[in-house]
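Chain nomenclature is as follows: A, B, C and D, assigned in order of appearance, with residue numbering initiated at 1 for each chain independently.
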């Protein structure tokens, strides 16, 4: 019983979403459009669950004086800072919340993102070794495309940028398509298993 | 107090602290990492309230022009069920909400993946090979063979031996070429991000130091 | 000696990090500009096509992007506008993205001012219209039905340069500067495939690979991909030290550094294997 | 001084000039009046039709404007129906279409367009009528519906035949064969296992697939007795992960070893999450890291840091743009569909293996479709009857 009702809800919601795509008639149109919004609301509301967990984990760390507990207050204060400024002053431009976002959260995001420039370099150095013929192909095509991206490629041979375009438009498209079509089959089959309750371990139930 | 300069300094300090991670884990990184997690969690809570809960839920239930729309109680109840997890007694209610979320996700993904990832890609691969010069024909052939043999690689119920094995080998080869190309191509976009951060540090932040020390304008 | 190669092969990644940082920092500090030779690339095809257009032809330039992709697309917009003006080609600007209209206005009016081009005679900005692909199909039958006025509400009939224009077939070329959807794909499918108008364009580096297929099939005459495409166009029309070309200096050095590391890694790997130092 | 008086004269002159210009207005209005003598243009070729493929309650109107004559100030749409005749909307001049969404299904409505000029109706179009109705299917999606039902049928058939205990073969998937080793190694070294389920929410099918795999991994860690850390980027994913892991521990009889605190939410922020997970990696030094689910740019930030702490890394995603980075930085990578095959592979349950066979049949169908399509399109260039075969196949897979 503890699984039957959730699984029935899953089945109903899943079927409505599928029918909504094929059937313009009511009630599927109404239900389909509403369900998507309901989903958004439930997922957004759930964020409180997450932040309660975050606060719980860090206050526990402080209480039990676990390793690195001294940093936990930073997380809690940072969280409260954004929450309070957001609730009191709102999110309009040039208000404290926006100021903190623009001058702290956004630069932190941009900096984390930019770490990738270093990591692509170290990953390329380590992974691109011609240890077997497949690795050699991976290495060669990456190398050619990199050469084609910058002026030095055309200086060496003016056909190199063309090789880059070919690699990107032919083998890359072919590879991406194969991955995408295959993945779509996996998605259809996984969705079916969910909707028909064949796979139920995600509910914590025995399967 | 100059808020603009303070903002630049805050941005520069957190930037430098995060970069220090490249050397090794250290107290500066730990501090900013914890700050980042906390602040961004707070940001997303406010974001969800302002951009989803108020416009998509509250204002639907209580329209600004007055009245009450009872159907919007349903998502509210589902959201409460979700949050009911914190109490062990009511925790199992959250399964109902999970059931709904997974159902919507599964149904939606099934049609959209099938449409854009399968059918649209298959359609893009149905074309005449006999156009353009020799090179163009060769390229088209590589594309079609690549897609088909790539799909063979994903066969699970056949051992990769014999003809299937050889075709799957062609498939994985093309996949490797594709991955290499994609990797090499993305480097430029990643470097652009780094250039952007360094421009901030060198062109926005550094010039404020002499100004703060009272040197120059 | 095998020990040395092993060390080389397992180089501390922090050395790589430092070199990447330096290769980006130094060109910024010294404001370096590198030569940017253009090979036989889609950007050259694009340039050649525009360059071969006869004087006085009409080109539709659609600004299908917003500020978030400006670093890549705005240099393209400026370079293309400059080229068209220099060739005395009339530009009809429009946008499939709301904020594109004002970005296009910036590019066209600043270039027009410096070259003495006259609004409504040499260029016009029709502004933004919603509807994407469906709207483009309508443009195929009548331009003035979709754009009764230009961006500043000047009626179609009062704009001299639009007298010769009825529908999409009045244009010798359509150029879309595209950051996503709607963008080049809609122009190719709706304007190119249905009405046979040649399509060219510029796009972000991320979306370039998907669009290369249209070059293969001849559905596009040329394409500028990302910063490199913008830099190519600047070089081809003879701008020295343009925005995009300057951005290529740190890119070039960092790419070379990464490629050198790949070479070092492989040399070390092979020498080590030759000595039997590796499994 | 001389300059100043010259300036005054200039000012006076220019003021006079402005006044003169003001006086020049009347002739212009004469021109306008002359234009008004032309007949105001009316709408022609008015067509009213039921809005196709909708839930009803809507009528599409399209028309053209006459080309010769003076433009009206505005247009009015008049509707005649059961409630009588009414002006339903006024539109700016130059408009050529309108959708009336205030009608009832099954009732006939008549429409005409009037041209206003100077506040009066100056011209009127012909009348056009339509009966709005609701449709039961999007016609452009019938092909997709057929193919999808076919595939669903095949997959479900194979699942059923799997349930009946038919022996099913499944090829080796290197990344999944290594799961046991990875967990075992972590146990030997006394280090934790880190499981990262991607950054998307529970509505994402890759996250769902990842949760299923997490259940299997949890059972292994429970059996071996190593600890399992699951930091998540979404609250709902955290909840599901807690359920799944707890269940896994219960199933192997180790509910005592389950630690809820190990499954924690960090932040919804993509890079905030990456920063937090990087911190966990360098401090907890896991011996095995699983990166399974939907990943975007953070994929390499996580994988490179994981690599630097010396963990065995098993990654898997269906995001084509991120696979190359996992291939470069991880020990094993599940590519695309392999991620979805993982739960079947790890559990070896016949019904799940059956669904894999169904997927293979679906792929075979598409491969045949592509090959027939390409061959007929190519030969069709020289022998036209085959061209229509290719066209048919393209239409079949076209979705509108």
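One rule holds for everything that comes next: a contact is a pair of C-beta atoms (placed from the backbone, for glycine too) under 8 Å apart; a residue touches a chain by one contact, two chains touch by 3 or more.
Nothing here was measured: the structure is a model prediction, and the numbers come from that model.
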> Which chains are shared contacts of subunit A and subunit D?
Replying inline: B, C
> What is the chain whose Cα centre is as far as it gets from that of subunit D?
Replying inline: C
>> Looking only at C-beta pairs that count as contacts, which pair of chains has more of them, B-C or A-C?
In response: A-C
>> Nearest whole angstrom, what separates the Cα centre of subunit C from the Cα centre of subunit D?
In response: 26
> In whole angstrom, how far does the Cα centroid of subunit A sit from the Cα centroid of subunit C?
Replying inline: 28
> Rounded to the nearest whole Å, what is the centre-to-centre distance of subunit A and subunit B, using the mean of the C-alpha atoms as each centre?
Replying inline: 4
> Can you list the subunit B residues in contact with two or more other chains?
Replying inline: 18, 21-22, 30, 32-34, 36-41, 43-44, 48, 82, 85, 95, 98, 101-102, 104-106, 108-111, 113-114, 118, 122, 124-125, 127, 131, 139, 144, 147, 151, 154, 175, 178-180, 182-183, 185-188, 191, 194
> Can you list the subunit C residues in contact with two or more other chains?
Replying inline: 13, 17, 20-21, 24, 209, 213, 216, 228, 251, 254-255, 258
>> At least two partner chains per residue is the criterion; list those residues in subunit D.
In response: 144, 148, 201-203, 205, 208, 235-236, 239-240, 243, 266-269, 271-272, 275, 283, 320, 323, 325, 327-328, 335-337, 341, 356, 359, 363, 366
> Across the complex, what residues on subunit B touch subunit C?
Replying inline: 22-23, 124, 127, 131-132, 136, 139-140, 182, 185, 187-189, 191-192, 194-195, 198-199, 202-203
>> Going by the contact rule set out above, which residues of subunit D touch subunit C in the complex?
In response: 92-94, 96, 308
> Can you name the residues of subunit B that touch subunit A in the complex?
Replying inline: 3, 6-8, 10-12, 14-15, 18-19, 21-22, 30-50, 52-53, 56-57, 60, 71, 74-76, 78-80, 82-83, 85-86, 92, 95-111, 113-114, 117-118, 121-122, 124-125, 139, 142-147, 149-151, 153-154, 171-188, 190-191, 193-194, 196-197, 200
> Hey, which residues of subunit C end up touching subunit A in the complex?
Replying inline: 11, 13, 16-17, 20-21, 24, 34-42, 208-210, 212-213, 215-216, 228, 248, 251-252, 254-259, 261-262, 264-266, 269-270
> Which part of subunit A faces subunit B closely enough to touch in the complex?
Replying inline: 2-3, 5-18, 21, 34-52, 54, 68, 71-72, 74-83, 86-87, 90-91, 97, 99-118, 120-121, 124, 134-135, 137-146, 149, 164, 166-185, 187-188, 190-192, 194-195, 202-204
